[in-house]
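For reference, chains read A, B, C and D in written order, and residue numbers begin at 1 within each chain.
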């Protein structure tokens, strides 16, 4: 049985980046203790019933003893309300949820993160290195503008790996998309690519891996009402028909498990 | 046509009293300029639709140039959400609304406030004195405990009038209700009593005035959806049948205008 | 070529409106109450409080209670009656450059007919909106709007004598709204407006009493929007007369959703209590929406849902 | 003498429940999913996801969307089918000291009968809840729960073969819920549960597309509570069989309101997504409520509304 908890957690650190990106670090030892990279938490943005549902956020990184962070962009009602909070405020979290990345003994690994999809990459990289599961993983990050990924690239570099970046507006690194950077990977190596980001980006990464014969794991996003495998709302199509559920069977899938229409 | 405005107003001062009483002072010059004692404002407690409706609060006092204050007790969802706000926060107000106290040339006047019904009494007293409408008005205030009225009594005394207080628990002044204090008024004087407070208290005050042959104006509270004379929800029964509307015909009524069942 | 000033005009039968935004009956009084907050000339139309033959005192209080993202009301159709409406309320409304729609209500077919007769030809009354959610006291209090035959009969009776376009306002408390809409279309209605309030109730667990003196009341506000939108979509596909969408509309985005579902115009009700300027904010918002959608007229949005 | 530990036991026909709090079908999976968050032994009952004869894949995504104080779902009754339910899901449920109610759904009368047959006498199945909101494909897709005669027929068909108490779950999308409740009572139902979801819709004004792939979906959550409460109150006065109240219940206060309106038990649905421990919080809250009301048994609250 998966171990998961419903906890009230205090925000011990609140950071703001670019115009609309927020990082909250919570003290949630029970959740942090069992969390795996690629898993997520369901967060209640405040009291009352408008907005009603919890919002899903991937676990961005662990720090100190029992602290875990989420990194989110302000989009709609829920994230807007969350962004008003600060250090000392308490939030209701449920997690860790879902099935994360599988990287035991994976050989050459490449992490490809785009936009907010970069969030789970830090935790994945840190665990890979800690568990010595992959030798010198490569990291490719893409975002619209430098301010959305410079601090993230720096923090991953601080773990001792090489990080290559691309920005849509060319304000940092390669002027283009993160998929362009994949050409820099030596073709013959048996890469396993771990990717998360906007759907079109992931579709391109999966296509590239297919052509190059590399294995690929994707972390998907769908609308979620529960995140607890109860509502069956988070369906994604399987190539052979029928559906898998992102909160239960994912959010991380082997690329071939899901249909990429 | 009554002059009223819908304004965004910044909280310039936020004060907390007793366990659950809050005073906000807003900068709302347009509203303050035309406001009369006994009128009220409809306040939106925050964004979103839960809670949905505005809450009515009487205008407690004016201060400085264009500042007006409300004084409220935390009761349910709306006041609880309001109480989380502080200086610098902006609130959406509609007002001044309703028909206030009529005190031009009123002769001996006595203000009888109970609990949160004390809120409009400061504004009434200040205007009476400023317009020299009543000579040496008497002020009788009652509340559950000292902490709910001591600061209010002091602020009204600072306007140069004698204030007599009663507390249910006897922690300040007379150990009993504010209605007991009415015996201290010289009977023969043609008092006009202005009262606001819990319904049972006002019923007792109206009864006392009836027996003593004194005129009495009451400020009533009912559930309000609009406060703008549009929904017709704020009905109160008339002695001769049919209804008046608290937000339009009141909130201040001559005692005989409404049925005191 | 970027759209400069989108054309927001729409037609409901012969009634031309400068934009699709009307006020919902019972939430805007007789118009004058909102003059301090809204430039009434910028509204597409004003639907006034429901008018009956004789004045009505309304229900005992409490008459309103807040619910989750909504409110219940059991006002009891308090109104000044048709005579005082014409004498005291219409004069101010006539000064406006905005069409006035008079919502009428009755206990019997004859009530509705007499009301339509008394309002026929009256200057300042641009259209009638027939509230058929009222109980038919001659039929054991069954609401006109829940039985197709009664809905058709009351529509035909009003059409016979009315000089203005007749909009029939449907109750959502039915199994199949399209059945009632078709019956009302057969009765000769120039348009239908929907939804009126959903029948609901609230209880105070501490005192064990209903929160409304009338025990039950009408639910309105954002909470009912999904039901209202579905019923407007179904109705617009079932009848060929124009549909006016009502139910939980508070923003221009909400209004656009109802237009996409097939509504030719919309009414704003409970939102007026929360934001007295909701109607004019929505008019401005619809202009922005048309620019963003790159359409030169709001009519291009009507029924534009891509299913 | 202050009430020490209030007695929360209630009965639905022959089914004894240690308290009135059940989970609503489709919001608690097959029970196991909530084991990390809820002491399942403290629940009055668990109603599992709707089960059909054959497994169903469900509708294409998107299947859920948030609305004002509510949500729409068009899951499409995805489920493992009765065989795999008995083989794979029931074993875990049998280990619990909490009665399990199996919600059943079908496209035809025969579907329901076969399901009841296959579940008859199965250890671990304490009762059946018949979801009659499903479309009857043989009758042009008209939902069983909207036509009294069809509601009675499906109830009688299930009662003929079921070995467990039969609760029939009513759809709120009808003109008169009491008409359906009486028909179901005539058909032999041991109890009725209501409400299922209100039919609704949501549109994305920017893309002009419905937010649900299925276009329409079921509305649930706090937004529907006033309608659900009214229908429970009406139904409890119209039939003598027990009524199970469902619709927007999130707190013990909500639950108490439904009991006062006449419900013998309640089900918690959407609230489980917002607060996974909602059910057990409500059980504890009902105990507090009984103490505050100074009643020794929750049964004294049932139908206690002072009208």
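Keep in mind that, in the parts below, a contact is a pair of C-beta atoms (placed from the backbone, for glycine too) under 8 Å apart; a residue touches a chain by one contact, two chains touch by 3 or more.
This one's a predicted model, so the numbers in the text were calculated from it and none came from an experiment.
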item	value
Pair exhibiting more inter-chain C-beta contacts, A-D or A-C	A-D
Of all other chains, the one whose Cα centre sits farthest from chain A	B
Inter-chain centre distance, chain B versus chain C - centres from mean C-alpha coordinates, in Å	36
CA centroid of chain A to CA centroid of chain C, Å	47
For chain D, residues contacting two or more additional chains	68-70, 221-223
Per-residue multi-chain contacts in chain A, two or more chains	49-51
Touch-based graph of the chains, sorted into line, ring, star, complete or other	complete
Residues of chain A that touch chain D when the two form their complex	1-6, 44, 49-54, 92, 94, 222-237, 241-243
Residue ranges of chain B touching chain A (in the complex, touch as defined)	47-51, 77, 81
Chain A residues touching chain C - in the complex, by the definition given at the top	49-50
Chain D partner contacts - residues on chain C that touch it in the complex	67-70, 72, 146, 173-176, 198-203, 205-210, 215-216, 219, 221-227, 229-230, 233, 248, 253, 256-257, 260-261, 289, 292-293, 304-307
Footprint of chain A on chain C - complex, ascending	68-69, 222
